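Contents: one structure, followed by commentary.
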Amino acid sequence: MTRKIRVGIVGGTGYTGVELLRLLAQHPKAELVAITSRKEAGTPVDRIFGSLRGRVDLRFTSPDARELERCDVVFFATPHGVAMNQARALVEAGVRVIDLAADFRLRDPAQFEAWYKMPHTCPDLLAEAVYGLPELNRAAIGSARIIGCPGCYPTSMQLGLAPILEWERDHPGAIDCGAIIADCKSGVSGAGRKAEVDYLGAEVSENFRAYGLSGHRHHPETVQQLSLLAGKPVGLTFVPHLVPMIRGIFSSIYVRLGTAADLSDADLQALYERRYAGEPFVDVLPADCAPETRSVRGTNLARIGLRRPARDLLLVLVVEDNLVKGAAGQAVQCMNRLFGVPETEGLMQIAAVP
Amino acid sequence: MTRKIRVGIVGGTGYTGVELLRLLAQHPKAELVAITSRKEAGTPVDRIFGSLRGRVDLRFTSPDARELERCDVVFFATPHGVAMNQARALVEAGVRVIDLAADFRLRDPAQFEAWYKMPHTCPDLLAEAVYGLPELNRAAIGSARIIGCPGCYPTSMQLGLAPILEWERDHPGAIDCGAIIADCKSGVSGAGRKAEVDYLGAEVSENFRAYGLSGHRHHPETVQQLSLLAGKPVGLTFVPHLVPMIRGIFSSIYVRLGTAADLSDADLQALYERRYAGEPFVDVLPADCAPETRSVRGTNLARIGLRRPARDLLLVLVVEDNLVKGAAGQAVQCMNRLFGVPETEGLMQIAAVP
Amino acid sequence: MTRKIRVGIVGGTGYTGVELLRLLAQHPKAELVAITSRKEAGTPVDRIFGSLRGRVDLRFTSPDARELERCDVVFFATPHGVAMNQARALVEAGVRVIDLAADFRLRDPAQFEAWYKMPHTCPDLLAEAVYGLPELNRAAIGSARIIGCPGCYPTSMQLGLAPILEWERDHPGAIDCGAIIADCKSGVSGAGRKAEVDYLGAEVSENFRAYGLSGHRHHPETVQQLSLLAGKPVGLTFVPHLVPMIRGIFSSIYVRLGTAADLSDADLQALYERRYAGEPFVDVLPADCAPETRSVRGTNLARIGLRRPARDLLLVLVVEDNLVKGAAGQAVQCMNRLFGVPETEGLMQIAAVP
Amino acid sequence: MTRKIRVGIVGGTGYTGVELLRLLAQHPKAELVAITSRKEAGTPVDRIFGSLRGRVDLRFTSPDARELERCDVVFFATPHGVAMNQARALVEAGVRVIDLAADFRLRDPAQFEAWYKMPHTCPDLLAEAVYGLPELNRAAIGSARIIGCPGCYPTSMQLGLAPILEWERDHPGAIDCGAIIADCKSGVSGAGRKAEVDYLGAEVSENFRAYGLSGHRHHPETVQQLSLLAGKPVGLTFVPHLVPMIRGIFSSIYVRLGTAADLSDADLQALYERRYAGEPFVDVLPADCAPETRSVRGTNLARIGLRRPARDLLLVLVVEDNLVKGAAGQAVQCMNRLFGVPETEGLMQIAAVP
């Protein structure tokens, strides 16, 4: 389109909300027209987020405002369960919906209900919703009416495993699909901007712990997607840990090799490099280079490193910024695809290091 | 006394509460007999604070439990306004009360009401309450029925200013009492263990800001005490800042000198060293040595460094651990005094550095 | 100019170096043509700074390479004392020099020698060098051959004090010029990318301390500039502190008011707002808004808040990113000015919060 | 013995050195008599470590000083390769040697030489040296002349795996001994107090990365010990990661179960609890409780949590303080054992949380 994409955001007071604002305020092809928040209606956005002073001069509006229907696309940066209740009206008004929460991630409504403890209110829309991971689902995204963006951990695990699972699909027995282990670590912004004692600075600083040990909602989502990639059921052990830093996910993924043990290190490296050749946001590092979260902080990049601790073991190390490639950046990448602008538009920030 | 001091704690789920528990669990002369929490009644203490596993085997009890009256002393590690409502019954039952909140700090009930937005419910007890800063008020503490422990910032400012203010009291005009500036910095545990977005790890990490700019409750308390020390009204500018670390207060205090400008650096150094000679918990550093918060982390120490940026300006640098010398440690020091055991009992931890 | 500005960087392995690289790699009017490092000659830049993979494909070259003379401008991101030895050849070859170190900051060579413990090797060039703080020195920067960029702390102090000192210049006695106190706090990247035990992560984390208590090199520089602003000698007490975070300076500046005490809060607020109206990189916050370092992290902004703790005391709070507005960003801003492109070119990043 | 144990420390300026000092200064049965440092000879200890002011009044002495031979025990808190050169003289003088470095960890001198790139200079002493992990080697420690204390990571992995490996030894095939994965995370103090750019605060903060990916020296040590426990060769994948915090190790260990898959969760829990019943420094957490590093910070404890992500997979989570149970605390525990004082003497600190 020749005019700018008219963008609305529902629920802009959380971390994915402010990250959308940061990215969209700098996006040459997008125009922020509405941002809603029940609690902060009337408040200038830059009063909540001082970093946006001089760059975003909107006020939060009440979420029932009609103005969302005048948008080309509406992002939901809301808690789980909100988007599914507002999506139908928007879609019927011709507005594209991009949900950053979980309402449109799990294909099976029963699974959604089991993990999110609420009925799914629009299974028909769920059925047509598209999973918003462009590197794995580009074609479908372009013509979607509703996009369910992946969770932050699932993004890192899928990008880290796609090449070897696609290999397995074509070479059954290449790996042990039933015994994948993903030892994942996330910065504390992953917990969101919610008042909870467990995520106070005094609680999370100078501490490291595992969590979600009795089951994490990103597990069924990831298993669903990995199984699609492998063309068969995948068994995944997923153990998330909390890192005393703000942003970043580091996933250490252990894949037991079957016949793929016959591949050389160089073969595996080449497999990954080929898979992501041409992808602007996935960087397969050279064999002697190791990923670190800060190298992608504030950016839409995932970087992947491969190691071979034993002949029959592949170690895939993936880093991403949980709020960008793991959330808001990916959502903007989907928007770009949806409106036919280059996927990289507005997403080429370089990490500020140190 | 020959038997152990029987100790109760009201409101043990906050940071000053767990710090009292840590100190008292290791105290050779104290015995923890009750710890209350309305919200956590029935929960084992070590389920909330895993660090106490194997060392504290109490459960939280309901705060109205009678068992508090069987204690020798009860600490209130509660929000402001709780202690004043429970103190009378305890005092009448012969139990000493040590309040870590603000109920018994401000001598003037009207001032309490102005700053804490609630009426003071026992002005008569307030009148007899003793300000619990042993280095400045040792005699009175020994025979008190109710002790109001100082705030964390006020402790650092009073310890840093006492020697020069006492000099001023004896040498009027020695300093400009109307123009003291205290630029103070505190770790985030000072905000307490309350669910608030402003103190989330993702909010406080990698950030530095001033706060309380329109007035902080520790200001009237400090002015009250400094004026007592100087024997005249003191004008104090107090600017608190939030440091992205868990524990520690660093107060940089600027005192404009009057006739004291005639004192040499060595004179001023000697003035401070003499004042605190024999104090086990106040360490006046040599002139070529600078304080840092980590050197007192987890300890009941304050360390003080002096500098002379200009002939007529004294810079006093004070460090303390806000949860120990600024709260729980000081309270235990008062308890020791109260029951005639050495003030250092149970309080001689060394900071773990790094 | 119609073609891109050809840029060289000497000493690109430090923090100001990588920050220049980050900014210039995204600058639409600049082209990086050479980056030197004696130690890393031959190494690809992205091997030292993984964050630049895919964005900077240069290798470090030996610093004596001739290619610097083919640049339009050369930035020195080197230790003190390097630029002054290479500047003459470059200037004579028609290359503009922008030094991020201290070689061209202090007008008086004797003062340079006293503070930096080395003779100044080109006092004639020093005499013509221009102090690179655009908001205070815009005209001279445009035609300079050599620019000495301000230190990080001096930038924050000058921006925070310029309006009131200029008022003093026009209204002598408005403030007490002899008693300004700047209590400044900096993140650890200010110490540079040098292997020193004092700046190890295990040393600086969870700690707060003052430093430079016997004199800091930014003191004479700041006094020199403040005195120019006030039109008379200024007495400054400057106390730097180290904050356990990577980036950011927070300066709390206390100005004792003389006749300016008659100005209302609104007058002072207006004075500052007028002074910086139209400045894209200085943001005077509304009276009820307080600055925090994260709101300018990674950006070229300074934000300023004003408070009035007492009738005769003005408190100026200034935040900046020490590596951007305090170093590399300011240098690029000077470059923009020098080559007639808009000052904001390549410098409009928004802080990633949280 | 009735008199105090006379203790010397060689190399007291690193992190394990200062931690020994902290522990020994509070130890009721030990007396610090000498601490050496080539570089700091003559400097008071409390000038390097301000936290020890008032508690340690020794000066560093030159390491060749004769006074070490008047000690009962000498700790080496030195780089690898130092202890082996001084051990013989001390042992011959009747002094017990406890090395915190790697000189006496690897049984096979060839392996030492391969990993530490230096010849072992006293293979005969190595042959008699005892591995200092009391929970696994208590008897031998009591009568040792030379103790090689375990590395920090190996301590966590051995404590986490001992019960299940001992089960395997008695029930061959219980687990897959060839496929153990230990995904370990350590705070930055593990890198020591050495001036290195990679461990600067600005480098390690707000970053997470794996390291040692081409081989870590703790790998052969751990494999040696695990194989002893299992009574057969153990195949271990060990991947260390660096956490932006000062202290703490968190090891997530994945054990693929063979016949042990028939054990219930409760059986496995009981197996661990039985193994460590009576151990004062190993705490097996209840099944619904998860370990976190801060709960052992500054203490000599390891805490272990067990999970069962799949029927045939055991997840063992182990936390310890790398400088205490992973180094200095364990060394003091060995000393206690060696001199017949209770192992807990001087080691009962409680973690300061938050």
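Chains: A, B, C and D, in written order; residue numbering restarts at 1 for each.
In the analysis below, a residue touches a chain if its C-beta (ideal position, glycine included) is under 8 Å from a C-beta of that chain, and two chains touch if they have at least 3 such contacts.
Everything numeric here is computed off the predicted structure, so don't read it as measured data.
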Name, by label, each chain that touches both members of the pair chain A and chain B. C, D
For the chain pairs B-D and A-D, which is connected through the larger number of C-beta pairs in contact? A-D
Quick one: point me to the chain whose Cα centre is farthest from that of chain B. A
Mind checking the centre-to-centre distance between chain A and chain D? Centres are C-alpha means, answer in whole Å. 39
Between chain C and chain D, what is the separation of their C-alpha centroids in Å? 46
Counting only Cα atoms for the centres, state how far chain B is from chain D in Å. 37
Could you list which residues of chain A touch at least two other chains? 15, 187, 189, 193, 202-203, 205-206, 244-247, 291-292, 294, 297, 354
Touch list for chain D against partner chain B, complex: 15, 18-19, 22, 25-26, 47, 49-55, 189, 193, 205-206, 246-247, 283, 285, 289, 291-292, 294-298, 303, 348-354
Of all residues in chain A, those that touch chain D in their complex: 179, 181, 183, 185, 187, 202-203, 205-211, 213, 235, 237, 239, 241, 243-248, 250, 252, 254, 256, 290-294, 297, 305, 307, 309-310, 313, 315, 317, 319, 354
Across the complex, what residues on chain D touch chain C? 15, 187-189, 191, 193-197, 199-206, 244-246
